[in-house]
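We call the chains A, B, C and D, going by the order they appear; numbering starts again at 1 in every chain.
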Amino acid sequence: MTNTQITLIQLDNYGPWTVTPEPRREVDLQTMQSRLYADLSQLFGNRDGYVFFSRFDNMIAVTNGLDTDDHALIQESVANRYPVTISLSVAVDPAPIAALGTATDQLQDAGSAQDKDRRSILRGDPLADADRTNDDLHIAHFDVNDATGQYTDELNEFDTFINIEQGYAELMRYMRRAHDSLSFFVGGDNVIAVCTPLTTEEYEDAITHVREAVGVALKVGVGHGATAQDAGMDAKHALEACRHDGRDVVIND
Amino acid sequence: MTNTQITLIQLDNYGPWTVTPEPRREVDLQTMQSRLYADLSQLFGNRDGYVFFSRFDNMIAVTNGLDTDDHALIQESVANRYPVTISLSVAVDPAPIAALGTATDQLQDAGSAQDKDRRSILRGDPLADADRTNDDLHIAHFDVNDATGQYTDELNEFDTFINIEQGYAELMRYMRRAHDSLSFFVGGDNVIAVCTPLTTEEYEDAITHVREAVGVALKVGVGHGATAQDAGMDAKHALEACRHDGRDVVIND
Amino acid sequence: MTNTQITLIQLDNYGPWTVTPEPRREVDLQTMQSRLYADLSQLFGNRDGYVFFSRFDNMIAVTNGLDTDDHALIQESVANRYPVTISLSVAVDPAPIAALGTATDQLQDAGSAQDKDRRSILRGDPLADADRTNDDLHIAHFDVNDATGQYTDELNEFDTFINIEQGYAELMRYMRRAHDSLSFFVGGDNVIAVCTPLTTEEYEDAITHVREAVGVALKVGVGHGATAQDAGMDAKHALEACRHDGRDVVIND
Amino acid sequence: MTNTQITLIQLDNYGPWTVTPEPRREVDLQTMQSRLYADLSQLFGNRDGYVFFSRFDNMIAVTNGLDTDDHALIQESVANRYPVTISLSVAVDPAPIAALGTATDQLQDAGSAQDKDRRSILRGDPLADADRTNDDLHIAHFDVNDATGQYTDELNEFDTFINIEQGYAELMRYMRRAHDSLSFFVGGDNVIAVCTPLTTEEYEDAITHVREAVGVALKVGVGHGATAQDAGMDAKHALEACRHDGRDVVIND
């Protein structure tokens, strides 16, 4: 069984900051948000975690392998280099959505995202090393079949984007509802989902659902490991096997 | 009438690069994609343009005020600092979606996104200075009413994200279909749309549609100008007027 | 005759910030300082200026072609994205050192670098477009003869660094004293100097002085132009001519 | 006794890359060099190491606590995100300069810095965990007495820079010659030196030498620890004690 450690990352009092004393230049907000995400990707990634940008002022990380001190260091590094601070809340559960739920409750208990006095919260209980196994994380890496030929080289970029986005939205809601899974668009035509152990049939059903609902054809490689990096790289290799063999689903043992 | 200059930005041969010779670490791809976007935001933004991240390997910029030399400089700067190159295609049209369509056709004519020999294309005809006016761009800045109270402080982050994403998807498709507009999620609960001149009723209809279709309540500030920065900042101030006055739609003259 | 526009860039109240409330992690200070310098290099560079890192909390830029609004935009962009603000002071003079002197006086008049109330000063008079010529800037690009063979592949890196540093220091002081010039180490074995118009003999004398004083052998390419980018790229090409022809001094007409 | 682990970081074939096929824009080279340094500062710093920029194409890191796998990860991350690759060579010795000497020899044995076929070398033997102690690193953090009052608020920035640079150069050569130490300018008026255990008198002698040779007055805080972060932060606190007590030398036990 999986044991997913999720860290919710929330910028403190960000909404008000973006318009105080006056609305700030949009290109600067975009630059800062993106660079903060990129830094967090490296900071968590350096310890084999993954970070998903979600809404940029709220981000979701898969952090098996990082303890409280690791989280505190990341928080301190951001506070030293950015005009904003981040709050972090960690929780663990076999089901990804449940871990995120607990992480969110813990943070909401500490105060509103727009509470001007709530800064740099650090809450929650990471997984103890002694309790960690190679089956803790199951990660599925989906992509759209022949996205370049079907969309990028054929439609204008916005209509391509609309198609890819519909595929993502349908998959995201299905995986959440059917399997308590969290799925994230990561650019191009790629979606990465954090799951519990699922069978080939269950992945085929998800793919069929998306194809029937919105006409987008997906394939998926699935890996597992003790960290997001291990499970995620395992999934990338499984996806390469899909491409090579012409299969829709490849699950690495 | 508007006259929208759109630049399509496409990373050359990116899909193959991400898996050659082996799949690359996801956290590094995320870092590179995000930082490239942030740099483009500054490079175009330094000349009053706006860039939207879209799918990260394909991005859309609003570039009224930038000429061919400006585009060439941006392309050169990226080639000097990143392990990938970008192709740029510029087009102008009163309707945003039509400008993007022409920009896309121009680029597709030059070769596939995954053509290993297609690098650093620069195509298209920017708007001549003599033809530019203060009405060239109309930008609408939407946000979700009381997102913090309704979602961020109440639901787990993924369910908040699902709600915001549904609101964005519905708005994006409606604005595309009804008004040839391009709409982009820019983080938090914000969507920026590039439009033709629309009336208060037309914006109210869009808001009503989204509320009835998916239950997400939006408000919008609308501005105009000769550049994305001018129109966009004008829209931000109009949105502040919405917040202050409790209105759903404010269009600055 | 040259007409050098210099902008002094100074971080506001930085010393106290680095130790308040406690000393901050050195790696974070280094990261922030370096990235701020990199951003300024792009922001000024996007308008054909050059920036030299100098002491990182005080930097020197060559800004022919940038007006007051351009400076204000750069200042605003930094304030939106960093936990510190910058003050900018602009001055123009045929002699680079005199321009810097005036820029410094203007800023010192506005308050101390560690005055906790002095923030985001913007002072000075950029060169009017009507007064600009292709001879405004003379830039000399020096490098060490066969640095790789003589030093990098032979000595340990610190002793290589000591040698290169001695060469730089000797050149810097000589050019300042003899020619009112500003010289900056820019990495590797390269030094870029901002000069008045000098003859081949004057450059040969500088090179002879450095060789006799500290045993470091230099060559130099010299260019000119209306902007730092034009003059500096002209100098790079002249330096390539030195390498190709085996000459010590090449001055492009 | 100290046991200093030094990693020499060298960009592969960088000189030729900067001028192939043509000389590249200086502002882009500066941006890339600085951001690479900033990333390395975070990557090594995330594991309590320190990185010094030195010549930017060759950098020196203090890496007690990082093993071979840690180095390989950093190398891979850079290769995934930059247009250049880095070679790393690790060595350990009680005397910092000797560790750097061994690290350099190892790298030079693998090939020239401008050997177009030498890429991503990783050599050397990090300190085994079992052999590490809290006395492994002694770090001294020097700064100039009242730099703001004496220089920054009085002289033009270049003459301030010349003074600070002379103080650094004199200190660097003295500490290298007398104590096998490596000293690095880190911005502002700060120099960080990696040392063997020295007495208060030995630090006072260094300070006296610099004051008599070039008229620059320094003070120093000294710390120690198992990692650069521990020793360096200890030194920063000792330097604060200097400021507070008006002393020239404070060595933390």
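Throughout what follows, a residue touches a chain if its C-beta (ideal position, glycine included) is under 8 Å from a C-beta of that chain, and two chains touch if they have at least 3 such contacts.
The structure presented is a predicted model; accordingly, all values stated were derived computationally and were not measured.
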Between chain A and chain D, the fewest steps along chains that touch one another: 1
Identified repeat of the B-C interface (over half of residue pairs identical), from A-B, A-D or B-D: A-D
Chain copies touching (chain A, chain B) - same or different residues, decided at half shared: same
Which of A-C and C-D has more C-beta pairs touching across its chains: C-D
Euclidean distance of C-alpha centroids - chain A vs chain C, Å: 43
Inter-centroid spacing, chain D versus chain C (mean Cα positions, whole Å): 22
For chain C, residues that touch 2 or more chains besides their own: 25, 28-29, 31-32, 35, 39, 42, 45, 77
Overall pattern in which the protein chains touch one another (line/ring/star/complete/other): complete
Complex contact set, residues of chain B against chain A: 8, 10, 14-15, 19, 23, 25-35, 37-39, 41-42, 44-45, 49-51, 53-58, 60, 97, 100-101, 103-105, 108, 112-114, 148, 152-162, 164-166, 169, 172-173, 176, 182, 186-189, 192, 229, 232-233, 236-237, 239-240
Touching residues (chain side chain A, partner chain D) in the complex: 39, 42-43, 45-47, 73, 77
In the complex with chain B, residue positions of chain D that touch it: 24-25, 28-29, 31-32, 35, 76-77, 80-83
